[in-house]
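Have a look at the structure below, then the notes.
To keep things simple, chains are lettered A, B, C and D as they appear, and every chain counts its residues starting from 1.
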Amino acid sequence: MSFLYTPDSVAAGTTPAVSLFEITKHFGRFAALRGVNADFAPGKLYVILGENGAGKSTLLRIIAGLMEPTRGEVRVLGTKKLREVAMRVGYMAHAPLLYDELDAMENLRYFAGLYGIKDDAMCATALLRVGLDPSLKRRVGQYSQGMRQRASLARAILHDPELLLLDEPFSNVDVTSAKDMASLLGAMRDQGKTIFVVTHQAPVMQPVCDECIVIAGGRLTTREKGIPRHLLSPYAAEARR
Amino acid sequence: MIKYMWAAYIVTWLVHLGYLGFLTSKASKIRKEAEELRRN
Amino acid sequence: MKAPGTFAVSRSTLAKDLRLEWRSKDAINSMLFFALLVVVVFSFAFDPTAEESRKIAGGLVWVAVLFAAVVALNQTWARELRNNVLDAYRVSPAPANAMFLSKVIGSFIFVTILEVLMTPLFVMFYNLRSIGPLWELAIVGLLATWALVVNGTFFAAMSIRTRSREIMLPLILFPISIPAILAMVWATTQILTGEYSPWFWIQLLAVYDVVFTTVCLVLFEIVLNAE
Amino acid sequence: MKLKLTFFALVTLGLLSYALYMALVVAPTEATMGDVQRIFYYHVPSAWMAFLCFFINAIASIWYLAKRSQTADAIAVSAAEVGVVFCTIVLLTGPIWARPVWGIWWTWDARLTSTLVLWLIYIAYLILRRFSTSGRAPVLAATLAVFGFFDVPFVYLSIRIFRTQHPQPVIAGGEGSGLDPTMAKAFLWNMIAFTFYGLLVMWMRYRLELAERSIEEAHAEKALQEGA
């Protein structure tokens, strides 16, 4: 497909942060992805757009190692064995992935333990970075959606991952929180992290986006520098039909 | 006494025929679907 | 940073589970009430003499525990599915078996508490007095609870990810557990009545525990990551 | 493939008829049990076939878990289903035999009861498959099969001991005691015939499973083409 923007950044000899080879995923009689091929250079922020059910979340879950492709091969940070690089990957979804009955610090402390981190200071730092107060004793179940997603982002970045995968991080989140989170992601990209964001709210990500990828019908149909103007309207996906 | 024997033999073949019937109906359903797929 | 060990993660997950349970009290309340109901309903349904009750109590106690355990086992995993928290565990480098062990130990604690609370009720309602020694009953209790909980935790992790969720657990747990159920019921009965030695059954339970704990630990990661 | 299957089916049909002739006409009537004993010509081969199917299922399941081979999974489903069919027959013909001979329909006999437990496990296996999403079903089912495999010795042992501590009916005449040579021959032919039949049905079921999967795949591809 020649109309695709060819990534100049994956120079010969460097390892792509993520590389996909012929990724296909079927769910019974339904196919989410078919034959996706792509390489993604490290140190960039990628925004993945597409209609509902186009296969964006599936793709992200496959990269995160949560799901196995029906066919094809994923390499993350240079390896096929995704478990081995779990330490260097962060994942966040539209569901908060936090326990409602615990407060933010208790949640983070538990998840830090899963990464072998015993240092409370790292959890506190992560919370401060997303703009939450570590001393807040309120349980996550009583947070607003914006705060909950901030806490969720803190959980995803607390082990300082090189690769960060975010699946609809701004769904039902207030504009301020979304913008704060977007600029934090931009700052992390500037520190050399690779970031993938699946979202419906292209405008929020526009200021920090390096490359925009559109998935339609289980294929990668567009790949461009920045977000093209026709995709920026919140109703862009519907209008293209 | 012999009626128990007949009962056992008949039951055996009823179960087998039932399963064969299940397989046949499954096969015809699959064949129909394959044809539909080919037509479209 | 190094990937954490099984022991450390098990311990923190267990602590987290106990804290969650303490705050929500989902499992323990429903389980206790359920067990109480079973005891009361059974005592209406059967009205045995002291001699008869020794013979049937083993069966009744373990059936009550079995049903109550199913309630508790489903709860332990339902907690991980709320907010998809399980995904956060699965993307982390923490070993899958650590999660499994912590769930097994957590359920073991709950079910043991339940047994300790339920036994006096049974003794009261059925006017029970054991002829065999009580310490043998304690051994049977521990081995049998482990047998139920280890397979139950495994199958609950499986069934919670099917379409019918909670109902699936007894459907797959009960058939596989038949030898263990037979062993725990008959060991208990034989201790209560003092007719035969319970030691064959106790040995069977012990071997069953060892074999299935191993099978669970070998296969759990596959089940956790099945998608 | 089709030709081979037809040939195999014809051979099986011939074998089954000959075996039936052997069982009903050639084999002599047993002295104590009478004609009821002829149930064994169907009962025992069915049991053998059920166990063979479950064994194939267990092996295929382990193979699937190790290699994630779709072929292994298709074999596992076929074997489990055919195994349940034969197991059902064992459980039906067993009581039909027991009633006139022992005077009761059911007894907690070790073999019969173990078969019942195995039947329950494999029914659970089929239900589990039905209620799982297509991506997870093979993995979940295969793990359950491994559990079933390890459960069998426990089931058999526990029921045997349970039985000795449980009142038993007086059994008239052991099953295999002093088998007449013609009886042995009839028995052997039925074993062969039902083994052929079982493998034939399993083969048919396996082909159906493959066809069904290729159709699912075609559906998936088509849905995507329309979506794009």
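Everything below uses one rule, namely that a contact is a pair of C-beta atoms (placed from the backbone, for glycine too) under 8 Å apart; a residue touches a chain by one contact, two chains touch by 3 or more.
Model, not experiment: these values are computed from the prediction.
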Please tell me whether B-D or A-D has the greater number of C-beta pairs in contact.
B-D
Expressed in whole Å, how far the mean CA point of chain B lies from that of chain C is 41
Hey, how far is the Cα centre of chain B from the one of chain D, in Å?
16
Whole-Å distance, chain A centre to chain D centre, using C-alpha means?
49
Express in whole angstrom the distance between the two chain centres, defined as the mean CA positions of chain C and chain D.
32
Would you please write down the residue numbers of chain B that are in contact with two or more other chains?
none
Of all residues in chain D, the ones touching two or more other chains
133, 135, 219
Of all the residues in chain C, which ones touch at least 2 other chains?
227
Those chain pairs that satisfy the touch definition
A-C, A-D, B-D, C-D
Listed in rising order, the residues of chain C that touch chain D in the complex are 151, 158-159, 161-164, 168, 171-172, 174-176, 178-180, 182-183, 186, 196, 200-201, 204, 207-208, 211-212, 215, 219, 222-223, 226-227
Could you please specify the touching residues of chain D with respect to chain A in the complex?
133-135, 216-217, 219-221, 223-225, 227-228
Touching chain C in the complex: which residues of chain A?
61, 64-68, 83, 86-87, 89-91, 93, 95-102, 106, 110-111, 113-117, 139, 155, 159
Chain C - residues contacting chain A, complex
1-4, 8-9, 12-13, 16, 19-20, 23-24, 79, 82-85, 87-94, 225, 227
Complex contact set, residues of chain B against chain D:
1-2, 4-5, 7-9, 11-12, 15-16, 19-20, 23, 26-27, 30, 33-34, 37, 40
